[in-house]
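See structure below.
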Amino acid sequence: MAKKTYRQAINEAIAQEMRRDHRVIVMGEDNAGGAGAPGESDAWGGVLGVTKGLQPEFGPDRVLDTPISESAFIGAAAGAAATGLRPVAELMFVDFMGVCFDQIFNQAAKFRYMFGGKAVTPLVVRTMYGAGLRAASQHSQCLYPIFTHIPGLKVVLPSTPYEAKGLMIQAIRDDDPVIFFEHKALYDETGDVPDESYTIPFGEANLTREGGDVTIVAFGRMVGFANQAADELKREGIGVTVIDPRTTSPLDTETILDSVGETGRLVVVDEAHPRCSMAADIARLVAEEAFGALKSPIRTITPPHTPVPFSPALEDLYIPSAVHIRDVARSLVKA
Amino acid sequence: MQHSRQFLLDSYRSMATIRRFEDRVHDEFATGKIPGFVHLYAGEEASAVGVCSHLDDRDVIASTHRGHGHCIAKGCDVVAMMKEIYGRRDGACGGKGGSMHIADLSRGMLGANGIVGGGPPLICGAALTAKYLKTGGVAVAFVGDGGSNQGTTLESYNLAKVWNLPVIFVVEDNGYAESTASAWSVGGSQLGRAKGFGMPGVEVDGFDFFAVHDAAREPIERARNGGGPSLMHVRLTRFYGHFEGDAMTYRAQGEVTKLRAGHDSLQIFRGKVTQAGVLSGEDLDVVEADVAKLIDDAVSRSEAAAMPTEADLLTDVYVRY
Amino acid sequence: MSDVMPLVMPKWGLSMEEGTLTAWLVAEGDDIAKGQEVAEIETTKIANVLESPRPGHVRRLVAKVGDTLPVGALLAVLAPASVPEVDIDAFVAGFVAAAPAQEGEAAAIAEARFEHAGRPIAYKLAGAGQEGDPAVLVHGFGGDSDNWLFNIEALAAGRPVYAIDLPGHGHSTKQLDRGDIDEMASAVLALLDEAGLGRVHLVGHSLGAAVALETLARAPGRVASFAGLAPAGLAETVNADFINAFVAAEKRRDVKAALQHLFADPNLVSPAMIEGVQKYKRLEGAREALAAIAATSLPAGRQARLYRDLVAEARRPMLVIWGRNDAVLDPAAAEGLPDSVEVLRLDDVGHMPHMEAAAAVNEALARHFSKVGG
């Protein structure tokens, strides 16, 4: 099976869906790049190159560059979705949600409900998130809990190239609005990705490690860190189950509860801010539904309640690490 | 007058339906039978009907919080609308949307909108769909003078121009954004803004159906033929407050009375068509009587209709979850 | 120093990069025979037993239980008792993991693909360029060429080994005409043509054995021998509940439950195995293909076609291997075959003898192949 990067996996998923369904279109700032400029067309293919090559293959009618005008084009994507297209719109960094959130959470997310179940809004909003690139406070956040909070949205966080492709194809084929979070520190990660088209269902968690002593639920980039921690603990004789929920909405609560039922211990690793986070949400779930199974307190691992710092010295302290995850998980078992 | 009798009767029926609908909602709201809050379109009928009488099912409109008139002008079912306003289970949106969210995508009605300035970006998307699928359709964003100051609206002007979309922005300037005068809150002018974005713009008397209808013809044809977006600045007023219960203390003494006497779009329509001898007063009275029956029927059926049940609380959030 | 030999972490299958030592089955000071079970190794795919590739005297167990080590890493040192400790120390200190890991066995496995009737057929090849008659491995219903991960390299000692992905499976086309045994046998014959193979040893597992028998029926001149592992085609019965559960399963827990039918020891169903099946079933058209194959090849829970007469009269080496605990195809079907057919029954083995008892199966197959000159 071919090794592909996370970036290539997403690009391939979009291209395959565009070949399959002419209603799929792509739009965003610099998604091709160079619109109206004197140099090359498809100059960038997205600011980090994820949509490179799509405009040469599918043409400017299907791969639309936009002005820097998120309210207008994210709203346009929602309107196009409600009227028959299947747009994949790029909100370059999720930090920019502040300038277009109304179009996502008041419009796209609510059409179906407000219109009594008569609207279908097959919209995908791709967006970059996550710390680690020294991109500072307005280009590094993990705002997926905010989107998870909104009924009507689906929220997807692929952790590997394989997940990225299958979840993207599912997102495009899905009839509900989907916010597709791409961790920018994962773009160059490689993994086995089938050339063929495939879909990964939403709301179905992946068990990336299995062990009987402690359950770690981790999201996005944190899944890899949790796996590292699990592998180290395994050598120490501590069995760790790592759960990658893959989607925060819908959330596979059953897999989490089943696993905690077996291990009796839970660590949740979330790169989002601690308050009202996925960590808090899952801790609430388990406290409410599986309290009797717990052998130790639930532990959450998140960054501190601060903006994402710029200086590498600070940012490295800010992001949860595999070592920290390992130590916390070990402390639950050894307690 | 070059219009057919049927066109004139249909247009008048649509305007009269809006008026009678809104007047009745006003009365029923006062009795406490209607939950929530409603924003009435009475007084502005010529704008919605003047524009929408050019449109067909290929075309899409987006409306505002003051959306009943646009819904009726675009052909939404009046009984279903009334039931929706009453929060009934078989309302246009199953009782889940209410006054500010009535929509009927099958009729190209992309929704009233509770967010001021929410509609223009969406209408750019509807226009993109029409352009991409080559349906020949156009998309119309109705926006108030308040909404005209939102960034979403101004960004949409730019996007529609950059993408050369078949959009008509209809700025219904009823003089007040809530309680704030448009003369105070709008910097520059609506037409100046159109010009700034490189769009043709036209200002029109929104009390006169024929003025609106004539003014809308060219922008709609231009959009249909690939000529890009245009803006219409429609000057009109509302007969009621921003919302029902608004004491309208910000308006001049006697302002509404004067407007009702001299600037009633139905009266102006009646005067023009009877003067031209195309329709008689009796023809229009017959329409009025029909409409009255329709609205009576809508109200009585709404009052009798069932409320949603607990089983409806969790449905219609997703297609599949 | 030439008396000092390493025991290293084996490479089982294409994707194995590391393994965890879960138990030593020998101690320092033991004399061991070639093929003796020396350690239990767990990979993400499956747990297995490491057999010593050579006889020797265990001088030092370098790896500790629980260690996860890359393929080729030093596990133990074999050397006569006369070799001084200092030499053993030096050997351990100076050991550099070599690739390929298992000496004496063929190098890397190649993956390839060709078009048959306009649709892709994928296969793996090990031992390319070797002299002996090639072996062609045909997996069963819902499987793929990865099922042979413990066999393909071992069997490739002395001959090329091809492992096909049948139509509807693995990385081959998911578009089927009918999904019957004929269609799949045509793909096997197409592989023989594509690879220019004159005469081959056919090895089929489960439904793949029926496909191999159909291939034999259609091209008897090209088949040197036949081996069926838990073969279909000998009796009508099949565990329809398993087939239905396997076809229907989408969620992890359902896939796991279905796969546990396959093994005598259900603990062998690893997370990676479950994920592999889920990944396959997510491919566009895979579920439809599986349903079509089940409907045509196993209609109403019965086997569509039987080859008992062909097996009895094949006039070439014929081998049947069956786990006594097979819960999918009843091993009783091997009863009543003529003496010309060798039947090997394995204790504590389920429907996947080539995974659950890889060493025994590899050895039996090597012996079986050697009955034919070349």
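Points to keep in mind about this one:
Lettered A, B and C in written order, each chain numbered from 1.
Following the convention adopted for this analysis, a residue touches a chain if its C-beta (ideal position, glycine included) is under 8 Å from a C-beta of that chain, and two chains touch if they have at least 3 such contacts.
Keep in mind the model is a prediction, meaning the values are calculated, not measured.
Interchain contacts link the chains end to end along an open line, per the touch definition above. Of all the chains shown, the one with its CA centroid nearest the global CA centroid is A.
Chain pair with the highest count of contacting C-beta pairs: A-B.
Here the CA centre of chain A is 37 Å from the CA centre of chain C. Separating the centre of chain B from that of chain C, both taken as means of CA atoms, is a distance of 70 Å. The geometric centre of chain A is 39 Å away from that of chain B, both derived from CA atoms.
Within the complex, the chain A residues that touch chain B are 25, 61-62, 64, 66-67, 69, 71-85, 87, 102-103, 106-107, 110-120, 151-152, 154, 174-176, 203, 250. Against chain A, in their complex, chain C makes its touches with residues 15, 20, 66-68, 111, 171, 174, 250-253, 271, 275, 279, 282-284. By the touch criterion stated above, chain B contacts chain A in their complex at residues 60, 62, 91-97, 101, 103-106, 110-111, 113-115, 118, 120-130, 132-133, 139, 151-152, 155-156, 158-159, 162-163, 315-321. In the complex of the two chains, the chain A residues touching chain C come out as 1, 162, 166, 192, 194-201, 204-210, 231, 234-237, 255, 258.
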